[in-house]
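What follows is a structure written as structure tokens; I'll ask about it next.
Chain naming follows the written order as A, B, C, D and E, and within any one chain the residues start at number 1.
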Amino acid sequence: MGAVMRFLRAAGRLWLVPVVLVAWEVATRMAEDIFFPPPTTIAARMHELWFSGPAQQLWLTEGALDNIPTSLGRIFAGWLLAGVIGTALGIMLGRSERFSQFVDPLIQFGRAIPPPALLPFFLALFAVGAQMQIATIVFGIIWPILLNAGDGARHVDRLHLETAAAFGLSRGQRLTRVILPSAMPKIFAGLRLSLSLALILMVISELVGSTNGIGFQLLDAQRSYDYPGVWGSIVLLGVLGYLLNAAFLAAERRILSWHRTANQTT
Amino acid sequence: ACGGSDTPTETTAANAGGLEKTEITIGALPIPDSAALYIANKRGFFKEEGLTVTIEPVQGGAQAQQSLLGGSLDATQTNYVSTFLAVSAGNKLKIISDLYQATPNSFNLMVPKDSGIKTPADLKGKKIAVNSKKNIGTLAVTSVLKANGLAETDVEFLEFPFPEMAGKLQQGVVDAAWMTEPHLTAVQKNIGATKLADTMTGPTADFPIAGVVVTEEFTTKNPKTVAAFQRALAKAQEIAASDRKAVEEILPTYTKIDAATAAVITMGTFPTSLDETRLQRVADLMLEQGYLKSAISAKTILPGASG
Amino acid sequence: MLEISNLTHTYGSGPGAHHALGGIDLRVTQGELVCIVGPSGCGKSTLLRSIAGLLKPTGGTITLGGTPVDRTPDDLAVVFQDYSRSLFPWMSVADNVALPLRRKGMDRGRRRAAAEEALEQVGLAGASGKYPWQLSGGMQQRVSIARALAYRPSLMLMDEPFGSVDAQTREDLEDLTLRVRNHHNMTILLITHDIDESVYVGDRVVVLAKAPATVVGDLRVDLPGPRDQITTRENPAFVHLRAEVGRLVRGMRSHPAAAS
Amino acid sequence: MTGRPPLSSRLLCGAAGVAGLFCVMELAGRSGLIDPIVFPLASTVVSRAAALAADGEFLADVASTLGAWAAGLLIAVLVAVPTGFLLGTLPRVEAALRPVLEFLRPIPSVALIPLALLLFSDRFDMKVAVIVYAAWWPVLINTMYGLKDVDPLAKETLRSFGFGRMAVLWRVSLPSTAPFIATGVRLAAAIALILAISAELLAGGASGIGTFIIEAGGSPDALEYIIAATLWAGVIGVVSNGLFTLAERRLFHWHLARTEGAR
Amino acid sequence: MLEISNLTHTYGSGPGAHHALGGIDLRVTQGELVCIVGPSGCGKSTLLRSIAGLLKPTGGTITLGGTPVDRTPDDLAVVFQDYSRSLFPWMSVADNVALPLRRKGMDRGRRRAAAEEALEQVGLAGASGKYPWQLSGGMQQRVSIARALAYRPSLMLMDEPFGSVDAQTREDLEDLTLRVRNHHNMTILLITHDIDESVYVGDRVVVLAKAPATVVGDLRVDLPGPRDQITTRENPAFVHLRAEVGRLVRGMRSHPAAAS
């Protein structure tokens, strides 16, 4: 009963989706533009590309099994790495004025460099393939985590830090018990931004020297003038992004429960 | 499809020839292929026809075609393989001028110094760098492979921009690279790479490479403008075809190729007329290699024929 | 144990500067409970924060057990005036209390037990699983007292620790503080605005004058121990001392009051 | 608050950091760790970049890119902050829009450039549209997360004096979220610059750093040109970030004072 | 003017629920100053927040001037227990005080003047240009009192408003509150832990019992007006009432105390 209700409520929250879909379908059918195929055409193409496989493969095609898991693997590897490195570096930056003085210009510099322009650099450092792609993803998405973590760590409530100091908490305890939790909401904002960016960077990293992945398929469809295919890839990215984000929010709700209730307005 | 025709066409008083549109923005790649466009502009051939032409650098054919349809470009340089692919996908495009045609050694397959690969037949199972998959590069390399008893599936094509290919060869990321000028000359000089094969021989000898494309709508709405443009560009093609010095002079003005390099690179030829049978070769080879699902007549991409 | 000499502090600089401490001298011996009273805004918290090493005073010296205080001394606990902001909202009440105990090398079980015990002592036996923001103001204040008491520091600094609780609870907490002090021979500095309280719990009452703060009175409280809320407060010596402190705070410096 | 290092020492330390990286890169190139054919020497790149600074054409390119960048960033902020407030304060609207927004967010702006080309006949509009699309997300997300962080007691204070929802938003939520929004804007500024250049790269155009890179692509020294131009993109990023940081320090001194505690 | 009947409130639900208010009945007439006392954590702040419309009680009704309170009533000012968090750090002290006056449609100059006047009344004449975080705890508390007083509401809710200031200032603020109340005929509800204070300033003292809170005593304070810190506190009626309230708070319900 509770589960049914929950399901219905979840479905209720999605009401805007069918509305948008129908509007999109109508608009594209009226426009009759080959660049803007209607959603049904896109869906058919997506089905053909990825979901028309045999039952024992969960109806996934070879194309799907070839491209989607590889891409997802790259995204996760890149995102996790970026999360760990970004949080660590960000907290160092936030807590150490010295350190931030030295590396801040480098960080601001790196941040402003278009990741595609850095592909040659990563290509030089890493073997082509997963390593280089993950490096590109990490480089491209680390900034929101880094900046937000730095910000969060810099702006911990003064009295919290003084309490920690007064009770002689060790550096490690201060970090894990005080600084990290209070920067956590901001770090999560960064992580959430980065998750979507990871999808984008995955596409970019697959544009050069790659032989598989969703980004590669997108590029392939683009140069074959397969517009439904292009849109199909875009929709796939959107759906993946939505699912990843939903999973992320669920995790966040658990981890930041104190934050939500502590700050809820009555 | 959107917007292209909405741009208000300005008809100035100076418009003697009754041109429908006197100001044209054309996209061009910063490579030798588009030299005639710049020559025509510099020597005032367009002006003589009452046209004001703005040439804007673009990076690749596909995006430029989108700009064409979106209306930010009126015409653009394109390669023929892209054009046929686009047309087969339902885009209504017309080639109004031919720009560039391959000559021997203008598009070569290069291997690093001391490579174990001595003949194209050794490429089986190897990795080859091309600037874009499903395009002239793969088409030309595949025809070389076929001539040597290999198929397209016997090798792996990887995409890299031309400037990065030297590095990839050096690092061993790829075993061979399909390159064109000025990178061909540079790669030989810098890393001592050697030529494995000329890809513009046999079925691809004198292969048509690039032309000027507009939308079909543009040709039907602006026939006089198109004709004026063609006349002006033909003059420039004539010069480019007959006077290498003219090309060498113009190259450094719109690319970052210096005069010294311009003097030594191998250049293709600049055809002076638009020839249906030559273009048909491209479509036929594409059909043969499976780039096209069904035959396309080159006539359909020439002005006049409604496709 | 604690020696403060000619301590000065100025907040900010230039025309907006505020001269908060104007040369404070104070010696506190081991095991003493010194109450500090003084008008609002005179610099009591500033003094406390300097002793805790949380603020670098602009002048003077503080030594603790012979070593100058330049960073937060070891084995110190503070009950902050702004107790609600000094609790960590992401931890349960018990975790807040248990957190500093890690420094003492206690294992999980003993930390937990010590926290529960301290919470029970301040009358919050049932609240250990709650979060600070689920508690009333007075309860939060008691959590922060429990945290300091459970830590059993050798020096405890308390900034108006009993301001938000009712009279009954306040008395209980005063007695608790005295008990814990006697039991563990702590040194305590306690800031309060309640003159009765300062005399009741203090071994000495130090009176600060308004900005910049200086010591204008330092009274030894010689009341027969163990103190008791009813008998002690009835003691004539208590009544006298209370009046004395009251006069000092009001700036009347021991003159007999004209009215009443 | 006390003892903030003077600006000169910030600059000095920063310069030292940059010099350090330069040396590492140069050494990596000279020692053959990174083959100069694959990635040019740091000194080569820097001298190219220095030469570009005197190149009027390149400066015009930079100006053109910056124009689109500024317009795009401004619009992105103007759209994202109110939207963030709307979504942050009306959970129902947020719940309804979330699927659509979360669907749109991971769509690579780079993949959208071809579509933007179809929709806009003006290059500048196209660039700005793409920039706005990519740059508004960080501002939006940071605004929404910042709103969650507003002290409820501060809001209640204003409400108790009879102020309405809007007043509470304007007088409490906005000021206390502002520092976090500012971080979002700084994130967006870098993304906007990236998108401006990418859009120029993919779409071409009369001028812009991206256009410069296209033109350089045909050169045998293409890599050096491209990386030198990229270097300038980085420098623009550092400068703009410095300006933003300065502005933030001025605007949010209260935030720093309250939170820059014992380190 | 204010009628509360059978007000109940429960925080949370399920096994962790906390039953804070257990059926409160209270009537306050226009111009009355009612003091509320009760043990820490009993539900006083919860009651106040319900009246202010900041919290939706789970049961019962509150009407103010005949209309039920479902959102924040007009013409109300609150002094929060957690005063430091209720001041806005991005505004100067004067701006903090002047801000609510916008609701009164005052122009800039008059807002400014009113703020300065209120700050002077609470003894903070020089602090108007400072920021809240540059003030001591007691000064912050006075700023929040000044903000409420300057607003001149018809109903004022004060949650332990004088807890962080010294005795002298406290008396001054008590008298100030009484003066302002008489002058502007405000209705005031004041929560305090100081029993003397409750009797001194209150027209009535309402005593709440521990969780869930219920009214266990409602005493009318019949002291000859105008009150005076010295004479009023010496009045035998005052002493008697104080003892009475004390007994109620301690849960002894008017029985003569056994000890003492």
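Convention: a residue touches a chain if its C-beta (ideal position, glycine included) is under 8 Å from a C-beta of that chain, and two chains touch if they have at least 3 such contacts.
None of the values given here were measured: they were computed from a predicted structure.
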Partner chains shared by chain B and chain D (touch criterion as defined above): A
Between the pairs A-B and A-D, the one where more C-beta pairs touch: A-D
Inter-chain centre distance, chain A versus chain D - centres from mean C-alpha coordinates, in Å: 18
Gap in Å, rounded to a whole number, between the CA centres of chain E and chain C: 26
Chain centre separation (chain B, chain E; CA means) in Å: 83
Chain centre separation (chain A, chain C; CA means) in Å: 50
Overlap residues in chain E, where contacts from two or more other chains coincide: 49, 54, 82, 85
Touching two or more other chains - residues of chain B: 1-2, 62, 66, 69, 161, 164, 167-168, 171
Sites on chain D at which at least two other chains make contact: 35, 38-39, 114-115, 118, 151, 156, 201, 223, 226, 255, 258, 262
Of chain C, residues touching chain E in the complex: 11-12, 18, 37-46, 81-82, 84-85, 134-139, 142, 159-160, 163-170, 193-195, 230, 234, 246, 249-250, 259-260
Contacting residues of chain B [partner chain A, same complex]: 1-2, 62, 66, 69, 82, 85-86, 88-91, 132-135, 156, 158-161, 164, 167-168, 171, 173
Chain D residues touching chain E - in the complex, by the definition given at the top: 151, 153-154, 156-163, 171-172, 175-176, 252, 254-255, 257-258
Residues of chain A defined as touching chain B within the complex: 33-35, 120, 123-124, 127-128, 207-211, 220, 222-227
Chain D partner contacts - residues on chain A that touch it in the complex: 13-17, 20, 35, 95-98, 101-106, 108-118, 120-121, 123-125, 143-144, 147-148, 151, 154-162, 165, 185-186, 188-189, 192-193, 195-197, 199-200, 203-204, 215, 218, 222, 230, 233-234, 237-242, 244-246, 259-260, 263-266
